[in-house]
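Should a chain be cited, it is by its letter among A, B, C and D, assigned in written order, with residues numbered from 1 in that chain.
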Amino acid sequence: MNGKINMEVKIGSLHLKSPVMTASGTFGYGEEFADFCDLNRLGAIVVKGISLQPRKGNPPPRIVEVAGGMLNAIGLQNVGLDAFISQKLPPLSRYNTPIIVNVFGEDAKEYTELATRLDGVPGVAALEVNISCPNVKEGGVHFGVDHKMAQHITSLVRRATKLPLIVKLTPNVTDIASIAKAVADGGADAISLINTLTGMSVDIKHRRPHLQNITGGLSGPAIKPIALRMLWQVRKAVSLPLIGIGGIMNATDALEFLITGAVAIQVGTANFINPRATMEITDGIERYLAMSQITDVNSLIGSLQT
Amino acid sequence: MEECLGSVVAIDEPKKDHFLLTLRVPESFSAPLPGQFVMLRQTPSSTAEVNGFSLPRPFSVYDFTAGSLMILFRRVGKVTSWMAHLSPGEALFIRGPLGNHFPPPTGKKNIMVFAGGIGVAPMHFFTKYFRKENIRVFVGAKTDGELLLHDTFCEICNEVKIATDDGSYGRCGLVTDFLPTSMEPKTVIYACGPKSMLQSLSMMIPAEVDCHVSLEERMACGIGACLGCAVEIWTVAGEKTIRSVCKDGPVFPLKNVVWENK
Amino acid sequence: MNGKINMEVKIGSLHLKSPVMTASGTFGYGEEFADFCDLNRLGAIVVKGISLQPRKGNPPPRIVEVAGGMLNAIGLQNVGLDAFISQKLPPLSRYNTPIIVNVFGEDAKEYTELATRLDGVPGVAALEVNISCPNVKEGGVHFGVDHKMAQHITSLVRRATKLPLIVKLTPNVTDIASIAKAVADGGADAISLINTLTGMSVDIKHRRPHLQNITGGLSGPAIKPIALRMLWQVRKAVSLPLIGIGGIMNATDALEFLITGAVAIQVGTANFINPRATMEITDGIERYLAMSQITDVNSLIGSLQT
Amino acid sequence: MEECLGSVVAIDEPKKDHFLLTLRVPESFSAPLPGQFVMLRQTPSSTAEVNGFSLPRPFSVYDFTAGSLMILFRRVGKVTSWMAHLSPGEALFIRGPLGNHFPPPTGKKNIMVFAGGIGVAPMHFFTKYFRKENIRVFVGAKTDGELLLHDTFCEICNEVKIATDDGSYGRCGLVTDFLPTSMEPKTVIYACGPKSMLQSLSMMIPAEVDCHVSLEERMACGIGACLGCAVEIWTVAGEKTIRSVCKDGPVFPLKNVVWENK
């Protein structure tokens, strides 16, 4: 758009050409959106969460729409690490965009192994460690809500990889700042937040939960105020680069996160509604910067006046 | 494939709560094949700012002629209620055509189509597309008030049979009652309808008879990205595997579908 | 509507003629809605939170609309106990509807004193103890997120009053079930949940928070899935009567809570949009029961099939 | 007072992004007094199911004649953008009339009205209601494009003066520049406009001169129930106390309003 505006941001050693990334689990393995988006314009692509072994996920129905958002209980279905590296990663290497691999393990050992095996794999730009999935008991929910375990997992992964290490936090906690501090102490390079909030919805006609799994993760505009508040709390608690996630549907939403202090943002549920959402958000941020006569997005980041 | 803007040409209500929507689509919209579907969503129009969050919704192609896409839908909830009030000229986003399609009945002598409820929509496109008089069509509905398209089928096909649950039209009973007990070779069956209907068919149709069914599941993206629309499928090796209805389907060989026992 | 349908529910010794109550802080002191509603049809009226001393609350702006709900940072403004008893309570006594007094203290002593002084005041049917307000540091947030403190406050209030004791929980916690258990152990007669989730919203034009207080409490449809999930978790953890709150806008929403296991529900933010919301919800529940051929609302409560 | 259904009779756009909305109201709607306001909200119409959450919005009464309520509004965000697309026949909910009103200028010789921006709306109703030629009206706007109603004021009153921030119409400057340096006894001032304007007035007008201003604050309920619309007011005893703009206001004696120093 405007050649004079700098959109490049840094997350540790990782240089992103734009602060607009995709959120894990909402952009498939990237290719699904190639028809809709110029994948080269994205700051980064975060792929669907990967575990050591392939996983089948939960029985359907897995999704239901609720006011202001949706619940999902995918149950972390994924192709597993081997198939990811052999089948999903190669087509993505065609793009000039960093690929961030979202990983989760059932125990500490799996996290270490995932990190070890992904270290040095060509085409992997960074790891995003999901210690926060609320759907599957083994999905790490016990790591993400306890600051000691969060720190433990972070330091294990830290030792296992030289890749930039992003840890993704769950909002289903009393004190997100203490978890963020623990993760920082564990050696994370950056923190992304938030994952989904656990929710439920009832079919009053059949008097049963809409989701076969009973509960699921709430995403979409409904969680945006909570995500912003947590970003604000974490920003005051740690000095790591933060990646804002939660209900970002348009450029205005994205700007709220950048202003509050996120150095980058991830677009999730919005991709389902508008597969071009990431492009339109990128355009919108550039337009806002131009209109506000800001030549570098970094001057906007964290500029909230209180 | 991209999302395009369609505009409402006409909307009719042939039966109460059942609507036939004709949309003008741009040239870039690829011609769909029978069984394929589209995802529809509101445009960020003037009133969009007051509109709440809404995922796109999947609808089978009911008919397609160059530049014109038809959808047959039943009013059941939030978005279909909104759609029922569309008026000519209004715009909406169309993502598609999506998914796979019914394999053509090439070389088959005995072609049977089973359509239950709103499942007539894709079966209409199928029969019209292949336009063979020897297609035998079986249509089922809860009641006469929900019975759709039997006239249209009669125009295309020689044999059309109707069943309603309450006997208010045609035979009283289930559409699956029409399934012959023995089937000639070179039979192929195509079906779309409620889960219970497809599950009955799966118990009644011998494994050696070809049967292709179109499945439904809740969808968020329609393009294989969210993994919301999971269905369990038997692999050749006899193992259960997960497939996406939107990308790997919506049409699957009936014998490959895993039915839960609850 | 249908004379044959029983809508009466019990919360301990408290008999309500309907499960539809109002939520504290969203129905004023009741009188404000007398023009719109037949206050006699309500199950109970829960009044705005009362503290020992009058409170001025937070500076404006105090409210902002967000997707699927609103944020408020009223800051627990109230007339104080004395003025409440002398001015606000008497007009309410005209109605044939139980008045539940929502109270909060700055410390344990205040909670005890509030309970002691309200015990035996004519016209007070029950206490709802707010240990969960997220807006004001002294509003009890430290009580509601810690199970030991929650139990402590509950048992103090329990000893100070013979009134039915409802404790209202905050959703801003990792494990709501453990707080519920603590409150049950402390001697509560019932639990109401949820209060608001802490959120934030940013004015990108002025690059400052929309609320003067920076953060505020999120209410409305956005929080309904979270409220339902917490109700479900608490229902499995304790056997006390539960009162469901959070984003109830219409009868369908109310029925989701009843089916999930709430013996009564509170209508909050909906009152601002439609001051007749409580009446329409009551009608809608009755209609649903009639259509489902259920003659007693108690048979519906907790009937969720999983 | 209850909520009633109003229906759109007409909607005009006298200046870009500024709309004059005429609503037919039922007989039960009490006649409002100048300074009072209403809360407007969407009806749960056919499309309501796809509409998101939306609080009602406050608007001053611009005019009222039996059965007909007029609102002058500026398009600034979500709900006013929706309102800008209303068309005749559409229904909306009206809660009101709400709040207190301007005290009548009884026995006052020198009556001055200051209206800034969209604050002309209640001041229009005021001047029309009391219809005294000796009312002097001062209208301010950012620019000619946002200047409203000066013609109407001219029809009613003998003296009307205009100021725009950019000088594109009338005097270049602020409407408060018109405030005379000395004021006769029996002067009364009425004002509505942006906070900055009212705050200037509060510094310029001597305490012994009567001045009544209409305040704005974010509202959720409009009936004193949510305590969202708080304003700090000086009590007679010189203490700060909290009042609700919707119930205790929107009109307050200017000298009673506490202005924050930031």
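Just so we're on the same page, contacts are C-beta pairs under 8 Å (C-beta built on N, C-alpha and C of every residue); 3 or more make two chains touch, one makes a residue touch a chain.
From a predicted model like this one, the values you see are computed outputs, not experimental measurements.
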| item | value |
| --- | --- |
| Selected pair, greater C-beta contact count between B-C and C-D | C-D |
| Centroid spacing, where centroids are CA-atom means, of chain C and chain D in whole angstrom | 35 |
| Distance between chain centroids, defined by C-alpha means - chain A, chain D (Å) | 46 |
| Where chain D touches two or more other chains at once, by residue number | 52-54, 78 |
| Residues of chain C whose C-beta touches two or more other chains | 67-69, 221-222, 249 |
| Chain contact graph, described as a line, ring, star, complete graph or other shape | complete |
| Residues of chain B touching chain C in the complex | 52-53 |
| Residue numbers on chain D that touch chain C, as the complex places them | 1-3, 41, 52-56, 78, 95, 217-221, 223-232, 240-242, 260 |
| For the chain D and chain B complex, residues of the former touching the latter | 42, 46-47, 49-54, 77-79, 81-82, 84-85 |
| Chain A residues within the chain C interface of the complex | 66-69, 71, 145, 172-175, 197-202, 204, 206-209, 214-215, 218, 221-226, 228-229, 232, 247, 249, 252, 255-256, 259-260, 288, 303-306 |
| Chain A to chain B touching residues, read off their complex | 25-28, 32-33, 35-36, 48, 56-65, 67-70, 72, 74, 77, 220-222, 249, 269, 271-276 |
